[in-house]
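The structure under discussion appears below in the form of structure tokens.
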């Protein structure tokens, strides 16, 4: 859970940084997208590095989801009878109790949409794969505002997921003492904010016409 | 005299203590006692009842030695025995402080502190073994308090003039018990100890004069079963709950010991009870127990009451010259650090005179204002923070701003089943350790000595002495169809069915509370001939009413907490009567036993060494108990009047 | 004060249970929570009903016997306080209070509010000790231990084994209990030789007992009456990782 989670966070950081090319204009954005496919060429065949990364990413996602399912099933078995009265959580990561598992489902559904939209273009008006820039502009265009809302909603879920997930992963792997645990929690919050804001700025800019 | 209440039997039981110089006796006994070949130990079964310091340490050690041990406790886990609640510390004659401590000094202090009513041989052994206990506990990982250099910290405790008390914040008992608990669990995992939690011993099985087993009730299923063995060890704690309100845990009871007593084991010095001076006063009728505040508080707190009777001003509004720091006034040398029995009675005296504070005037102030001024609030918080928090949780008052109110409460019982030097009762094969026996504290126990005795008995004394008895084993094989086993079991069944079928209308607790009030009033901090006679009459009447009117709901074949309590209170009623008879017959004052008729001109306890320098060992009798006297001899510490002035 | 209680009643382990309502009057605010239940039980017995069974013993917050989930919170609303030390002045006249047993598959209900916590003992049996048979110890001063280690070990060892951590954890995990013992023993020099086998054994026993996995929500530490912190879980994780890597 922790290791796959950390790798996925690293992917998110890279993905988020790459997205910011959209502000440089169509040419730079598409060149970046093209660069990903031709990474390692001419030494390696076309898209080979990209596929290695994709396979790694898919493996991380599978391991992450599988771990979550195992943990959730164990949790359900560990408490076969629920409490009749509920009180709000009081722990250091109290938000996680309510947001981690539901948030994960929202993020998962979003990823499926996101792949169909901007990777496979099944639901995107721009079918021309090399035109990444065009696809982004098209999907977040003002008249398709529900797409933007869904995107932002997913980011909201992702924020809570990362806010807990980052320090939780460090806690599991490294086991910091109290001082470092507090620092890790702060760093986790900071990274989560950066990632989510970095992602959010693209659809917002497009929808409000700042980029076109 | 009070011979209408008891008969006198043959004196002098053999204590089996070796003769010779006192410092060599334990060594001598260890050598003279027979050993059991390691291969034969596997064939010997020992039952240990109780998992407190004395029980867990004995069970673990016997398991390590290779005996087959069956260990029982009524709690849901062996870690919860009431030793866990001991706060202050454990004494050991390590002399790490180079302040003049030695085995002999600890021995001397303990004999004197016990008001010359304990056995010199036993106490000396306790002092010798004390140093090994600390080594053992450190090796187990007990996190004692340490100094910055990494070595163990010590403090002076309970009126001792040397720093010999080892401690783990205010939770020394907890840490020592967890050490013993972990050692025990290790043996459970190794298969040498069968541990039965939520089981209560209800009868002792004696076959051909030897203790051969116990009858137990599984508190979850209600099933009655028997456990047979070559020897039985009772480590079942004290009987302070006879007073209903005490600092003991709710479950503490005398049943195991009392059942053994009814089967012939002598009960020694039952009237020696320790009333601890620093407890939180009672707040109302609903009260179920009293909470102790560690004695260490008296190191920095000053005890006082208003000089004016019935003064109900806020304590901060009472000026210095209208306060009576009565301990400092009466005992200038020891001041607030006088031993427990003296501090308790002094509190009773000022409250009886009408100077008491709080509800019912049953409380005195323990004031930290001076300490906070001198050391700063931070330092006081570091030392006593957890105790202050506990006080505030219970009373709703903040002790940093308002002095604590304290009052004495029953805390420990020095009396218990009679044992010889080997910790064997007068029934062969029945051994008794820890607070359940009577042996080492005399008429008054010094602070930080209970943990020492429990662990001394369990880790070091019993495992060495029991082998002399077991060397004769394994004894004849027994099975559950033996007539004595069947009879013991039937007694238990009959008692249970009596309670469940009695057509009564009063709860068990109501009887227990009433018994407690009688005991506290007439057999508490101050006892008189007249009061004790009255108490005996009242207890007999209450006992008769109990069997007529007690109401127990539920059934036998299930968890039934009322049924558990009923059996315990039935035994407390009988014990209470014996305590009063013992207190009545002992017309002297000594230690925790203060007879109003026997006091010096200035109100201190006055012993009568000519007539009472003996252990009163009581044999059970259907009509009246029989008194056997074991004379006490003092070769090394000559009895003197204790003075803390 | 007057209170409305809803208490989980279950005659035995097999029978189904339900929340049953009771009204109770004239409760003293100086009474402890368990004394309030004592008063209720006295009444139930006089009315010929079965009293409510609950575990309790020392009633001074150290034995760990008392449990109860009060209004959804193990040991009730007051921080750093066991049920037996919770006093009625924390409640208001007219309050309704829900009282339930700890809910965990590893802690099956025996009757009413009484649960079986022997799984904790099995975790200790699997390694929560230092092997030091009686009589083998060197002098207590043979190995100095830095004060800060001894103090930290003590803080972890202050665990009373009550199980509130499990009751509070949304996953029903016993990691805080286990982490407290691992931390205590691995901070002591005497605990080093068995450090790796201890943590592997205890974690295996924990998982076998049916406790859930830890997702670091921190509910355990918030519920702990002895204020044991999440750092003990960190330490447990670290020790486990090292031991598992070495064993692999």
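Going in written order, the chains are labelled A, B and C, and every chain counts its residues from 1.
As a working rule, contacts are C-beta pairs under 8 Å (C-beta built on N, C-alpha and C of every residue); 3 or more make two chains touch, one makes a residue touch a chain.
By chain, UniProt protein names: A, C = Succinate dehydrogenase; B = succinate dehydrogenase.
Predicted, not measured: the structure shown is a model, and the values here were computed from it.
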Quiz item: How would one label the connectivity among the chains shown: line, ring, star, complete, or other?
Solution: line
Self-check item: Per Cα centroids, the chain farthest from chain B (succinate dehydrogenase)
Solution: A
Quiz item: Taking contacts as defined above, which has more of them, A-C or B-C?
Solution: B-C
Quiz item: Which chain has the mean of its C-alpha atoms lying nearest to the mean of all protein C-alpha atoms shown?
Solution: C
Exercise. Measure off the straight-line distance from the CA centroid of chain A (Succinate dehydrogenase) to the CA centroid of chain B (succinate dehydrogenase), and report it in whole Å.
Key: 64
Exercise. Give, as an integer number of Å, the spacing between the C-alpha centres of chain C (Succinate dehydrogenase) and chain A (Succinate dehydrogenase).
Key: 38
Practice problem: Please work out the Cα centroid separation of chain B (succinate dehydrogenase) and chain C (Succinate dehydrogenase), and write it as a whole number of Å. | Solution: 27
Exercise. Check each residue of chain A (Succinate dehydrogenase) and list the ones that touch at least two other chains.
Key: none
Quiz prompt | Where chain C (Succinate dehydrogenase) touches two or more other chains, by residue | solution = none
Exercise. Name the residues of chain B (succinate dehydrogenase) that each touch 2 or more other chains.
Key: none
Quiz item: Of all residues in chain C (Succinate dehydrogenase), which touch chain A (Succinate dehydrogenase) in the complex?
Solution: 6, 8, 19, 69, 71-73, 98, 100, 103-106, 168, 170-173, 210-223, 229-231, 233-239, 241
Quiz item: Which part of chain B (succinate dehydrogenase) faces chain C (Succinate dehydrogenase) closely enough to touch in the complex?
Solution: 57, 60-61, 64, 75-82, 84-85, 94, 96, 132, 134-141, 143-152, 168-169, 171, 174-175, 178, 181-183, 185-186, 188-189, 195, 197, 220, 247, 249-251, 283-284, 286-289, 291-292, 389-390, 393-396, 459-460, 463, 505, 507, 509-510, 551, 553-554, 558-559, 561-562
Self-check item: Contacting residues of chain C (Succinate dehydrogenase) [partner chain B (succinate dehydrogenase), same complex]
Solution: 11-12, 28, 30-32, 34-36, 38-39, 42, 44-46, 48-51, 53, 55-65, 78, 80-81, 85-87, 89, 110-111, 114, 116-118, 120-121, 124-126, 128-141, 143-147, 150-151, 153-154, 157-158, 160-161, 184-185, 188, 190-191
Quiz prompt | chain C (Succinate dehydrogenase)-touching residues of chain A (Succinate dehydrogenase), taken from the complex the two chains share | solution = 70-71, 74-75, 77-87, 89-94, 96-97, 100, 164, 167-168, 171-178, 181
